[in-house]
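In the two complexes that follow, chain A is the common piece, with chain B as its partner first and chain C second.
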Partner chain A sequence: MDQMLSRQDLMRKIQELSFCAVELNLFLDTHPSDAQALQDYSYVLKELQQLKQNYNQKYGPLLGFGEAYVSGNYWKWVAEDEKWPWEGDMVF
Partner chain B sequence: MWIYEKKLQVPVNIKRRDLKMANAIFTQFGGPNGELAAALRYLSQRVNMPTSKSKGLLNDIGTEELAHVEVIQAIIYQLTKDATPQEFIDAGLQGYYGIWDGGIFPSSPLGEPFTTAYINNVGDPIANIYENLAAEEKARATYEQLLNLTNDPDIIKPLSFLRQREIIHFQRFGELLDDLQLHKQMKTQFRVPKIYFETDSL
Partner chain C sequence: MITPNIEQYLKHESAPKLAQAYIPIQMYRNLFNVNEALYHGTIFRELFQPYKPSHPLKF
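Showing the complex of A and B:
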């Protein structure tokens, strides 16, 4: 189903789930043995990894350094037709 | 180390230029209770924290604050992009234009350069956590002041999100304070550490 999402909607879902991950991460820092939070974190992580993989394959790398993969004959990280996050949504 | 992820923590898509509002929001970039101060405060303090929980929480909140710096930069960038010299004059910001033009310099709305005099990092971890609780509350109040200055929903949405994060960070720091007081084998007296004076200063 995620394959059908527009780039903007896919990014929104990644942002939403990343937010859940950050929030659960901070909660677990002060409640490291909370069973429900551990379970929720695992669930979020699995969903998030799938979405990020889809995004990377379709639109290029989200993470830099050793995490950015190479495809074709150009370093996509700095593709001139790509916006950077602070410039607003990558698609209008 | 840190790895950059090419996404904002929360979407910022501003449609209308507003230089006066951008200027006010500079306080959360380079001002006394801003996100840059928060990031540097926590990422400095984390190094000599006594427990793994405290090292982890300061590391992780400090990292989230860096993401908030980026959200603030995005808001200011989009509020000021392509502004003409006349628009700077109309907003009363010809002084800013004269020094920096469209450059987003880490400063307060009054043009004061960012300084680490806004933060502190002492050897006493509990003293540091008290500073952080106060800092989160001041940052929350600052966001409420900024929200009082605009009706633009494109600005209100990300500012409201950032305001809520201050509340969560305050909560986590409160829990950490409890934990550190237990770690010191002190009676937990949340926010009133009377025993501290009885045992340490006499």
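Showing the complex of A and C:
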């Protein structure tokens, strides 16, 4: 289903899930053995990783520091005249 | 002596009292959906307390 998302929608989902990951991380600092929170946290991380992989495959890297999950085509951003996420392309 | 004697000061009847803070244990409940949380700034509905000024803010 995620394969059908537009670039902007995919980025938004990544941002939304990243925020949930931060929140759950903070909650687990004070509630390290909350089973439901732990379960949700691992679910969110798994989903997030999947979404980031999809983004990397379809649209290129999310960060400009070599952290892309998918190898290859590193220099695409030099050749193409477009903005990348870290250049302020995705400000909603 | 310039530095006040803190022991003497705290014995005075109008001296401030020590504070006692109590915060209830947060429960894992009433979560926002993933697509709502980011826009509320929290995943917990119970922590969503938007600031509503009693009169319009002037800038």
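Just so it is clear, the second predicted complex is superposed on the first by the 66 of 92 C-alpha atoms of A that agree within 3 Å, B and C clash if a C-alpha of one lies under 4 Å from a C-alpha of the other, contacts with A are read in each partner's own complex, and residues count from 1 in each chain.
To be clear about the criterion, a contact is a pair of C-beta atoms (placed from the backbone, for glycine too) under 8 Å apart; a residue touches a chain by one contact, two chains touch by 3 or more.
Note that the structure is a prediction, hence the values are computed from the model and not measured.
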item: Which superposed partner A:Phe19 touches (first chain B, second chain C, both, neither); value: both
item: Chain A residues touched - chain C or chain B, whichever exceeds; value: B
item: Partner chain(s) touched by A:Phe27 [first = chain B, second = chain C, both, neither]; value: both
item: Chain B versus chain C as contact partner of A:Asn54, first or second or both or neither; value: neither
item: Partner chain in contact with A:Ala37 - chain B first, chain C second, else both or neither; value: second
item: Overlapping contact positions on chain A, where the chain C interface meets the chain B interface; value: 15, 19, 23, 27, 30-31
item: List of chain A residues in touch with chain B within their complex; value: 11-12, 14-15, 18-19, 22-23, 25-27, 29-32, 61-65, 67, 77, 84-89
item: Contact set on chain A toward chain C in their complex; value: 15-17, 19-20, 23-24, 27, 30-31, 34, 36-37, 44
item: Residues of chain C defined as touching chain A within the complex; value: 26, 28, 34-35, 37-38, 42-44
item: Residues of chain B defined as touching chain A within the complex; value: 3-14, 53, 56-57, 60-61, 64, 70, 73-74, 77-78, 168-169, 172, 175-176, 179
